[in-house]
Structures are given as structure tokens and as C-alpha cells.
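Order of writing sets the labels: A, B, C and D. Residues in every chain begin at 1.
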Amino acid sequence: LSKLWQKENETLDAVIEQFEVGDDYQLDLKLASYDIYGSVAHARMLHHINVLTDDDLTRIIKGLKLILNKVKSNKLTLTVKDEDIHTKIENLLVEAIGDAGKKLHTGRSRNDQILVDTRLYAKQELIQTTLILLDFSIILLEFAQKYEFVAMPGYTHMQLAMPSSVGMWASSFVENFIDLVKLMDAVYVINDMNPLGSGAGYGVSIDIDRILTTELLGFGRIQRNSIYCGNSRGQIEAYIIDVLAGIGLVLNRIASDLLLFTTREFEFFKISGEITTGSSIMPQKKNLDVMELIRARTHMLIANETQIKTIITNLPSGYNRDYQETKRLIIQSFDICQQMLRVNRIVFHYLEPRPDKMKAAMLPEIFATDAAYQLVKQGIPFRDAYRQIGQNLDKLKMDDPITNIKKKKHIGGPGNLKLDSYSEELHDLFKIWQTRDQDFLNTLEKLL
Amino acid sequence: LSKLWQKENETLDAVIEQFEVGDDYQLDLKLASYDIYGSVAHARMLHHINVLTDDDLTRIIKGLKLILNKVKSNKLTLTVKDEDIHTKIENLLVEAIGDAGKKLHTGRSRNDQILVDTRLYAKQELIQTTLILLDFSIILLEFAQKYEFVAMPGYTHMQLAMPSSVGMWASSFVENFIDLVKLMDAVYVINDMNPLGSGAGYGVSIDIDRILTTELLGFGRIQRNSIYCGNSRGQIEAYIIDVLAGIGLVLNRIASDLLLFTTREFEFFKISGEITTGSSIMPQKKNLDVMELIRARTHMLIANETQIKTIITNLPSGYNRDYQETKRLIIQSFDICQQMLRVNRIVFHYLEPRPDKMKAAMLPEIFATDAAYQLVKQGIPFRDAYRQIGQNLDKLKMDDPITNIKKKKHIGGPGNLKLDSYSEELHDLFKIWQTRDQDFLNTLEKLL
Amino acid sequence: LSKLWQKENETLDAVIEQFEVGDDYQLDLKLASYDIYGSVAHARMLHHINVLTDDDLTRIIKGLKLILNKVKSNKLTLTVKDEDIHTKIENLLVEAIGDAGKKLHTGRSRNDQILVDTRLYAKQELIQTTLILLDFSIILLEFAQKYEFVAMPGYTHMQLAMPSSVGMWASSFVENFIDLVKLMDAVYVINDMNPLGSGAGYGVSIDIDRILTTELLGFGRIQRNSIYCGNSRGQIEAYIIDVLAGIGLVLNRIASDLLLFTTREFEFFKISGEITTGSSIMPQKKNLDVMELIRARTHMLIANETQIKTIITNLPSGYNRDYQETKRLIIQSFDICQQMLRVNRIVFHYLEPRPDKMKAAMLPEIFATDAAYQLVKQGIPFRDAYRQIGQNLDKLKMDDPITNIKKKKHIGGPGNLKLDSYSEELHDLFKIWQTRDQDFLNTLEKLL
Amino acid sequence: LSKLWQKENETLDAVIEQFEVGDDYQLDLKLASYDIYGSVAHARMLHHINVLTDDDLTRIIKGLKLILNKVKSNKLTLTVKDEDIHTKIENLLVEAIGDAGKKLHTGRSRNDQILVDTRLYAKQELIQTTLILLDFSIILLEFAQKYEFVAMPGYTHMQLAMPSSVGMWASSFVENFIDLVKLMDAVYVINDMNPLGSGAGYGVSIDIDRILTTELLGFGRIQRNSIYCGNSRGQIEAYIIDVLAGIGLVLNRIASDLLLFTTREFEFFKISGEITTGSSIMPQKKNLDVMELIRARTHMLIANETQIKTIITNLPSGYNRDYQETKRLIIQSFDICQQMLRVNRIVFHYLEPRPDKMKAAMLPEIFATDAAYQLVKQGIPFRDAYRQIGQNLDKLKMDDPITNIKKKKHIGGPGNLKLDSYSEELHDLFKIWQTRDQDFLNTLEKLL
């Protein structure tokens, strides 16, 4: 009887079993090591409250370490028959160490187990994603610093608006990402709580020590109410995907810009063969299609938000198997978001502005607003100045774009981007998240 | 140089290549055989217009057949380096038959090639899905016939409303599915057009014969305008996913009903071990969680609709690599929808109503409306009758539910469900779609 | 007691009442006339089966006509207290004609009443939308005919691909719309069924004549099963919004093209002051922002699809008040879609291609594929020809674009667009839908 | 010329004007007062940098105060012709005070103006929503305290799982809301930055003082980079709607629970006439349909997330009119979320548990897990104990539910809910947000 709950004389229909397990057992491999760490903490606690003997504990930890090594060397495989990672590990453990293994599930349920696994997994991935995001932000900032005063036309409605700069354009995303780290931080804090001990959602009837497992696993606090623990399945993940999609929104904007700015008609940037592909029929093609895929995959993140939220709505409290479907979405979202960030890092490495083309694209009309301000400085009310220029657009003259942008010296104008301040902020953030990363690794190491 | 478009001295960055190909190369395996059939038709046409010699054609068809056999025996594997199925097959072909293989891509692009592949794939899957849908509808109808006069409480707002029947409940979904087949038919007809010959979206400069390829591939008509062909990528798929999600809506309703009706508090149906699973901690559990997964996966279909549509919006005409991301969605949607239908078929096989429980759930209030109609028959205006009953709810008496439902003899009332008429309609539809299936198979066979 | 269901001594909390009614009572005004037509048909049927006397019927019809006149002259107003249009009309009727009015609700429920209202409303709007769509398609076709051989660069990945034409571009959308009318037709047919008589979803206990009301209201068939009637609330609307969003996808593509093609960098079209707006700060601005709004509002249609489907999922059979929320979505979607089509008609009236700019944008590389085909004609296998051209891109020469496109004479190539065939198809479709429109009007007129 | 940008001899087509403005001008009324406060701060700054004379400033503030009074007494009305609130106010101001009014727009654009309006509006609404959320949480907590030891069956898969309590159920949502306030806080902080001075997205060419306007408007910091300011339109709103939808997820869960628990079959709660409605045909009905509407409207929040994000994706940097469509979504989302919270407060006021029904619903199987733990305490490994109980389910005995839950004394179990700790947290949070509210009011007051 391979399933924990299986009874004699009952066999699940094979088509149904296949449908139920789906690709879930494969997704579980992403969680396997966290499942083991969670089990170690649980075992230590059971030992502390005298449910496990010293010998039980020793055996269990030894057995779990063996399985962890298998996981780390990619030797643990799951099949549809194994049902899920929790079952598989319990079965392997009992096989390896006998009866002690049968005691491990005391005082917990697969419900709180998967919650712990997901929290630990998400914690690690939130840290990694933020570090990659900060890393890409630093690359972007360096790009902005290098081309701070390369003048570039600014657009609204995709029409020439006012002079801008490559530095202003690139650093706009840096500031955007710095704000997004605030959201990453909020979901990190929310996620950083321990659901272990909530059992199947209604607590358990032995006196487990939730403070101990919280310490052992390095969680920031206990997620107290057992029903809340159960009901938060999918919810915390949804908050996280929201933020990942928020990152996607910015990457989508960068991609949309680059795709427009690298058309033949704009040609604001040089792109090289390392980041482009060709056509099967048109010999001349060099397409920056990696940016098209980033543009498209942003919509996967957005659709995952909808999917995870509509999966968990219109459902009553307590575990419902619908929740299983949330696992694919959180894993896929982390993967896609991290890949998108990594790819951008490479693209900016190969990207080079073409100041000549940017300058050539600036027609006199781009200076119309500045011309109106000249009149304002002569005492004409802005609205009148605006109308006067509007009626004499053909008389507008070219200005020197670099002089023009340098004169806009208010905070956040192209002449005063304060790039250094971003640099400081990024490095401060980097330190915070690296510490989190290190602390998390230390905690897991200490557990074994 | 493994890529069709690759030039000397240029190599795509490996991280970018990996990101670009993603899991697309694996999805391509689903399309491989259609890609070959499309190539055969294209080759026959090129021969017909004298671009290929007799010998070229013989070699190409022989070569393609070899590759088709590989595909059918699951021996064709793709790696990230192969880029896509079109490239792989062209490379294999050239390897196998030499220069003739290099001529095959004359007058076409990967753009119209993938369009053809998708149309043929979707055609086949639309037929299969409809046949499975009709098959399940017949099972549902038999269920309805078997339990036509088993009385069951009817609910609104999840509160007791009026007497209903198991036959009425089950056959309601049959009529719903019959209407959905109308939508399947419409998208089938729209999909059944030949985009081959549109090239990269702007036609080709040799005099290809699109009428011939249309006949050879058995398409219902030509998709004429080359730009429309290109722009329809993702669009036709979106229409299809819309209908698959439409089927999902009904399956979600059936699942929601069964999950409510199999709670301990309702217990309207017996469920057996073949279709239930248990808990890791609670020994007593028997959960119909397959229905929870159907409920959840409906949301994947709905999210896929959003995803595919938002991928292809805000984009200018002409191929954009964003479209690649539509492939996963159409394949995943067909797979999930068909699985959900197959699983339902099994569930209804094991499902058994409990007339005793259903009867016990009918309290006198369920007859309140019928009591008001009694007063109407005595000449009291309905609104007054309604108020009179409303003020005397405690005096309501039980009626015999079976007698009650049998008396509602208007069309579509529980006493007059006209189940035979559904049976006829289903069998007529079955014949139409089976013919389509056979015709399609014959067309493909004749091609080789 | 203003509510049909209200009992003595019970009053709904005012905040809750406000929340429940929301803006629903205002949306109901869109359905008011259909509610009355439905009531007339129901009354005639009740008279036919002897529930109403001759005198009752005369009074009821007279009363309903009075209310219809109020509706048509915009004199019927609803407040939160009126709850909904059905209640309001019944109350007004009883006020106007006394007891006969209290009999009207015999054998029906607000559930089947709102279903009938929605079917009739949707039928009318489907006809109107299709007529507007066909009308715009004719404008587009005339535009294509006028500029059939104006050469225009064709793009893939937003990069120069191959020569195209204004006629090819514009008519691509015509063919797309013709296919969409097939979907409009399918949802029209599905929607064209009579749910009246299904009561609250479980039939009624008097022998109503559903064939008669079906004839009187001009429905194509009876929606039989009463539970299916109830469960189809929101579902049929969802199918419709799917198709409206399908139209949106095409309009979004047109808008995205025009916005790109009217940038300074492209300038392929002249736009005039009648269709542009300006900026509050930049005197030079002329923005085609109407197209930006079309682009954006497409996403309202797509979001409405998701919203309506996720509202009706994870719910058991039988009416649930959740369904009320579907009304806003169907009304809003019809309104937006029709407006978007009307606006496009105007934009194309003012739109003028700039052949000079289009020609200037065509660089030699756009002829690369054609050059490869020249080599193919000399006997070089395509793949070799492709590579040869690819290595000599700098030697490519300009071709005459008009000669070039005229040579692409296969079906659907720029030299053979078959615009006349679209013209015929459009006019045939126009006739079909105009007949539907006329028949519907005649039916409603005959009812009174 | 009513429009700021209008030129002689050019008139926007009326249909297009109507389409463009849509309902936007009405939504603008929600922002009108913030637009005025922003203008006052801008004027004070212009005066500080000597663009406005003392006299100009006095007139402008006097004029703006007059308009603010109009807004506060609901006397400001907008029509389609007014275009938007910014134009209307500038026009009214010029009318009232003459030329000084024409100077107000110096150094700003409608782009940064609407950004400021939205930030201030969102700040105020975030505060209000959080206060309402905390208020409802306190009600929920009182409910939990009152019924802390009322035993209630706990479910998983909608099947009897383990004993729970009303207090545990109600307080689970309290803890959930406390975590959501963390997200509210994060978006509050992100939103609390000053975009004024970014102009049309590329800065302005006069030396504005952004530190001053930031202080005057009470923003927490400056949003520096001008392009980021422009690009954040819709983005910050999206983050906010994400969190509002997060609140919706919890309210949807509460609603789903109550609707299930108030069916006849469960009857765990008494519901009274103040919160229920009836049926037009079935005299017996009492439906808690307010909860059905909450369930449904959650999906509006979720759909608004998708809509706002897909509106702003696949677009290049710089203002695009698409952004106008984000305004409806943020306003609608705040309104719906606040209403839903207010309605819940009332519902819980009228809600009363029925301990008898809850107890009766607990069958012996609900104690199966606890029975297994009894065996564990006798030294049997859990997995064996589980199997033993599973094979003897018919021998299970009833336990006293209240004793049972009281024994589960680990943190977050039904016997140890730590309700007091929530109380403290809620009151601390209340203080923080009330201070924010007061500070914001003070800031605005001081401005005039």
C-alpha cells in the first residue's frame, strides 16, 4: 500500500490517479529539500517533547540526511504512483530506518507540511530574486552613469515630446526597482512565519512546541491560528506573484522600449549577434526577439496572478485539493521572473547607444516647450506663451540637446539625476538581502 | 551551423538561447507529425509548379516518411540547440537526402509553416475533444434516463427552492453541451483554412499554387490575405481556448454540485473508493478530490484565455516572437479539457444517487410555491396567493415529491424532460464529427 | 411594502440594500423594454391557457404599453428602493390596473424573466454590433481598394521584412472580420432560445405553453431543461463577450499599427485635427490618442471575459445572486465594442497614406528574400540561395516596390488580393443580418 | 477654445470626443479637491521661486479656494466638453482671477498633475480602507471572543475533519487581516512620494523646488526620476489594487463559509431579516444574498488587477493615453473594497451561532485523529495508529467537543487562540493609521 491513506481492497482508478497527480509530483522535487529540513525540525521538536526517543531521533535524522543527499545529487525520482513528495519521503524513511520513521508524522499533517515547504522555498526564492534584481539594477545604473549625458528624444504618445537622455531613461528603471524591493520586503516578512503545528487546519491533540520549530527553521514569527494557516495556502503565494508580476511590468516596459528603439526607423541602439536571431526565409533579419519573449512572458506572470486567485475564491475554509494547483504557479512565476532578470543583465551588457541617431531624431518641435518657457521668463503667462509658440511652430529652432538637458537641474530632471544616491541605496539593499541569504543558509545547515 | 539563419562568427549567448527556446522545443513534438504532413503537401505543390524535379520529390517524400516514422515511434528528440521542429526536420532531411532537402523551404517561411502545423493540430484536437464531449454527454444522458424520476431538492442561493429530479439535474448538462458543440463547430470551421503560402506574412515571389495545397491538406478553404494569416497567430487559438473554457464552465458546475451534494450534510450521492482519496492524518477521510481538481483546472483554462489574448495585444502587425508563447497555451488547454472530460466519464460511472437522503432533505417549505399555485387555481391572483402562503409557512404540508415533479409537464419541467430528443441530437452530432475524423485521417494518409 | 418578497416587520438594513442594488437598477433601464415585451408574451400565453380572462389580458397589455411608452420617452426612473426593473414594472402595473396586475407573475419567476430580458437584449445588440462591424468592414475595404497598390514596407519583429501594400494591410482586417462574423453567428444562434417557463429553475406547476411564448417572442427554439436555463445565466453572456473581445483583438491590432505608423519616425499616414488632441504643456503635440484608448479598452473586454467567468465558477447549480454582476459586464462590453467600431469608421474616413514616406522606408534589405528567389529560379536550392544572399547583404539593390508587389500573384499575395470577393461576402452578410434585424423589430411590434 | 491645447480651425469630431472622454470626466470629480490642493502647493512653490508675484499668489489661492468650496458642496459639474478636471479648473480660475490664472501651469503638465492627484487620492483612500479594515477586524475579534469555546466542526474537502470552534474560525480572519495591513503599509509607503515637477515626463526648464512641494503636500519623499514618475502611472495603482484584491480574497472566504454554513443542511448560524432578501415566486425564501454579492464582487477586484496591468504592458515609456483607463479601476476598486468591508461589519452584527446544530453535525469520525493520538500516547507509532483506527472507524465514539478543543493547547490550537494578542496588535495599528489620517488632514488644511 504505497499511499499513506490507502485501505485494503480499494484502488484508485488509474485515469483519475493520473489526472490528480498531473505534473505535481515533478514540481514537488523543487520542494524536496525543504520538506526534509521541515521534517528534521519537526523531529527535533518531537524529541524535545518526548514523543521520539534519542534513538528515534538519531535514526530519523540519519535517514533524512541520506534522502537529502539523494535530492541534492538529483537521484530522487518520483512517479505518479508515489503520489507526492511527503508520502515518498515517509515511505523511503520507513524503508531505511523502520518503525521510527512511522512516528515522524505524529503531530503534523501533509497540510502543514506543504505549507512549511512552500514558505521555506518562497523565502529562498524571494531572497534570490531580490538579489538578481539588485544585481541587474546595478548594471542598469552603470549603464546610466556611462551614458548620463547622451541626449535622446523623449516621447509621449510615441510622438516627440521633449529632450531626454540615455542616463535618465536607464536610471528611471533603477528607481522603479528600488521601490519594488519595498514590496519584495513586505511579502518576505509576511511569508516569514511558521505554519508547522497547524496540522490539518484545526491543531493537534499533543502538546507540540511551535516556538521551538520556529526557532529551528529560522522563521521570523509563528503563524498562529491553525485555520488561518490552512486558509493562507495560495494566498501568500498570490501576494508574491503580484510582486513578481510588478517586476514583470517594468521588464515589459524596458523590452517595449528597446524593441521600438531598435527598429530601423529609430535605430537608437546597436544590437549584436550574441543577443539576436534570424529568419528562415529572410536573409537580412536580425531580431531582438529575446525582448519579445520577455514582453510575452510578463503576461504569464499576470495570468498566474488571476489563476491563483480564482482557484482559491468561492471556496469554503479548510483544505481543498484545488490548492494543489497553486504550486505550479508559484514555481513557474519565480523561474520566469528570475530568467527574465538574468536575460536583461546580458542584453544590457551588449547594448550600445547611438548618439548620432538619437540626435538626428530630435526635430525643432522637441524644443517647443522650452521655447514657451523662454517667453515665460520674459513675463508672459505660461498659457499665453504656450499659445504663441503653438501658432508659430514653423519658426522653432534647433537647440543643442546636451546643453538643453543639462539646464534642467531640478531634482529628477535630466540635468540632476542624482545617480550616486541610487548607488548607495542599491548597495545598502544588497547588504540586507545578502545577510538574509546567509542567515537562511546557516539556519538550514545548523538543523542537520 | 545548426540554425537556418545562423551566420559565421556569430553565436547566440547561451543563457539567452535557453530563455528563448524555453520548453518550446518539447511542445513542438506535439506538432511534429503535422509539420511533416504540411511539408509533404508543400513539396507536392512545388513539384507541380516545377520547382522540384520528380527525383527531388521522391527523395523528399521518402526522407519525410522516415522522419515521420521516427516521430510516430517517439524516436525524434529535440534539444535546446535544435531551436525548433522546423529547423530540426529540415536539418534531418538534408542530412538524409542531400541537396533536394535544401529546396523544400522554397516559397514558404517558418511563419506559415507553424500556422499550418497549428491548424492541423487544432483540427484534430477539436474533433477529438468534441467526440469525447459527446461521449461523456451520452453517459450523462444514460444517467439521467436511469434516474429520471428520482426526486431531488432543487436549490437557489444554496437554499431549498422547489422539487427537482436527478434526471433533470443530469440532463441539464447534456443540453448545455449540445449548445457548446455549436461553438465547437464554429471554431472548427474558422480554423479549417489554409495559411500555407502566406510566407512570412507578405506572400512569396514564386507562383505557388495555394488551391492545390488546400486540397491536399483537406482544408475547407484558403486563408487568403497573407497579413491576415500572420496576424491570426494566437487569435484562432484564442477563439478555441474560449470554447474549451466554455466546456470548463460546465464541468466546474458539475464538480461544484457534486462536492456540495457529497458532503455529510447533504449525502445525495454514494461515492466509491475508485474515485476518492484519503488523508495523511485523519483516518476517516474519503475525499472526492478529483472534482476539486476539475474545479481548479477550469481556472487554468480561463487564465489561458487571458494570457493568450494579452500576449497578442498592443502589438503591431507582422510576426512577433511573442506568438511563440501561444503554443503552450493551446496545447495545455486541449490536454486539460480532454482529461477533465475523461475523468468525468469515469466519475459518473461510479456515481449513485441516494433517493432516501434526497427525500429526507425536502422540507415542507419546498412545496410553498406549488401551494401558492393551488390558491391561484382557486382564483386568487398570484401575488396575493404568494403573500398568503408567505404568512403561513408553518402550515405548509409535505407533498409526495415524485407526484409533484411528474405533474410539472410543460416542456423542460421535471415531468417532461424529453430525454429522447437529446439522444437523437447526440447521435446525429456524433456521426458528423466521426465523419470529420475519418475524412481527416484519410486526407493525411493519402498525402504520403 | 415595495418589494415583492417583503414581509411585515422586517426591513433590510440600508447599507446592505445599497450595496446589493449597487448600480444594477440603472443597468436595468437598458433591459426595461425587453422586460415589457417578455411580459406581454407571457400574458398572452396565460390568457391562452385560461389563467387570465379576456379582460385581464386587455388591461395588462394596456398597462404594459403605458409603461413601455414611459420607458421609450425616458420617463421611467428607478431608485435603490425599487430593487429592480421587474419589481418596479409589476408595482406600476398593479397601481395602474389593479388586481389583474397581480396575476401577471403566475407561472414565472424573476429568474426566467431576467433570462428572457437578457436574451432579447443580447439578440438585438448582437445584430447591431454585427451590422456596425460589417459597415466598418466595408469602409476598410473601400480604403483597401483605393490604395490597393500603394507600396508599404512589411515588418516582422517590427523590423523591415518584405514589401507589402496599403491595400493588403487594410484588407487583412476585412477578411479577419468576415471570419469573426462566423463566431457572431454561432453565439447569435445559441442565444436565440427561449428560457421563459423555466421559473426559478425547476419548472412551474401550471401547464404553461412554452411553444406559444417562443413563437410570440420570435425565438429560434426553446431552451428546454429548466435547470439548464438557470445555469446558463452568465454563460451565454460569457460566450458573447468572448466574441466581442475577439473583435477587440483586431481593433487593438489596427490601433497598434496606426500608432506606430504615425510616429514621426514612420509617418506612413497623415492624421488630421478632427481625430487628434494636444498637450497642456507641449505646444507642438498632435496625438492620435483615440487609438490609444481603443488599445486600452480592448483590455476592458478581455478583463470582462475573465470577470464574468470567474463570477460563475465554483458555484453550485441554481440561481445565485452572484449572477447579478454579469449584467454590467454584458452591457458594458456591447457598448464599448460598438463605440470602438464607430470610432474606427471615422478614423479611416480621415486617414490618408503617404506613399512617399512608405517608399523611403524601404531599404534594399527588404528585397533580400526576393533576391534569394531569383537565385532559386537559376536552380540554386533555396537554403543555399538564402545563405549566399545573407553573406552579401551589402550588395543588395533597390527594386521598384510596386512592380515587386504586383508580381506576387498567388492567392492572397499583394498582387492578387481578390478584394472583390470580400465585397460580395460582406454584402451577403449584410443582407442576412439586416433581415434578422427587421424580423426582430416585426416580432416585437406584432406583440403589442 | 475650451481645451488647453486647442488650435484655431480645428475641431475634434464629436463621436471621437465622446469616446475619448467616456466617463472619465465624472471620475475626475473624485480627484477634484486633490487637484486643487496640488495646485495650491504648486503655486506656493512658483511664488517661492519668483515665477508668481505676491499678488498672483493671493489671487490664485483665493480663486482655488472658491473652486474648492464648489467641489465640497457638490456644485462643480463637468461635461464632456470640459475634457478633464485640470482643464476645467484652469478655465474657471482664469475666468475668476484673470491673467494670474494663466501662470499657474508654469513648470508642470497635466501628466504630473494627475499623478499628484492620484497619489493624494490613493493616500487618503488607503488610510480610510485600512481604518475600515481594522474596525471590521475588531468586530470579528469581539465575535471570536464571545464564542471562543463554541465547538464547531472543522472541514477539509468540505468533509468532516476535526473539531474546531467559532472563535477559532472568526479569529483566523483577524490574523489574516493583520498580515494584510503589512501589505497596505508597503503600498502606502510606495505611494507616498511626490511626482510633481516631473512635467510631461522629462522635467521642466525652470528651476522648480521639488523639496518644497514635497513638504507642502506632506509626501514622505520625492519621486525623483521624471521618466519613472511618468511610467509609474497605473503601476502604483496596480500594486494597490493587488492588495485590495488580497482583502477581497479573505472576504470571499468569509462569504463562502457563511453561505455554506447557513444552508438548511448545515444551519450553523441564525440570520435575520435585516440582512436577507426574498424571492418573487417562492414565499419561503430568506437568502443571505449580500454574501453572494461579496463573493461575486471579489472577482471585480481580481479582474481590475488584470485589466490595469494589461493596459500598461506592451507600451513604450512616456505618457500614453491608455493610462486614462487606469483611473476608473483604482476608484472602483477602493469603492467596492470599502463597501464590502462595511457590509461585513453589519452582517457580523446580526450573526448568531447555533451551538446545537454545530454539535449535532459532529459525528464520531471527527474524533478519529484524536483517537489515533491516544494510541500514539500508548506508544504505537503514528502511522500504525492511523491504520488501526482507519480499520475500525465503526468503533469510534463521540467525545465531548468542548473538552476536546480545550485540550489542544499549543499556540494557535483551538484551546489556545491568544485572542488578547490580536487585540493589542489591532489597537496599535489603529493608532498608527489614525495618526496618518490626522497628519494628512492637517497638511491639507495648512496648505490653504
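We take it that contacts are C-beta pairs under 8 Å (C-beta built on N, C-alpha and C of every residue); 3 or more make two chains touch, one makes a residue touch a chain.
All values derive from a computational prediction rather than experimental measurement.
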Fewest hops from chain A to chain C - one hop per pair of touching chains = 1
Query = So which chain is farthest from chain B, going by the mean of the CA atoms in each chain?
reply = D
For chain C paired with chain D, centre-to-centre distance based on mean C-alpha positions, whole Å = 32
Ask   = From the C-alpha centre of chain A to that of chain D, how far is it in Å?
value = 24
Request  = Round to the nearest whole Å and give the separation of the Cα centres of chain B and chain D.
outcome  = 38
Key: Multi-chain contact sites of chain A, meaning residues that touch two or more partners   = 4-5, 7, 105, 111, 156-158, 161-162, 199-200, 260, 278-279, 281-283, 285, 287, 289, 292, 295, 299, 302-303, 306, 310, 313-315, 320-321, 369, 386, 390
Ask   = Chain contact graph: line, ring, star, complete or other?
value = complete
Ask   = Where on chain B is chain A touching in the complex?
value = 3-7, 9-13, 15-16, 19-20, 22, 86-87, 105, 108-111, 199-200, 273-283, 285, 287, 289-290, 292-293, 295-297, 299-300, 302-304, 306-307, 310-311, 320-325, 339-340, 342-343, 346-347, 350
Request  = Could you pull out which chain C residues touch chain B in their complex?
outcome  = 4-5, 7, 51, 90, 94, 99-106, 111, 154-158, 161-164, 168-169, 171-176, 179, 182-183, 185-187, 189-190, 197-211, 222-232, 235, 238-239, 242, 245-246, 249-250, 252-253, 256-257, 260, 295, 298-299, 302-303, 305-306, 309-310, 312-321, 369-370, 373, 376-377, 381-384, 386, 390-391, 404, 407-415, 417-418, 421
Key: Partner chain B, residues of chain D touching it in the complex   = 156-162, 259-260, 263-266, 278-279, 281-289, 292, 306, 310, 313-315, 361, 363, 365-366, 368-369, 372, 386-387, 389-390, 393, 396
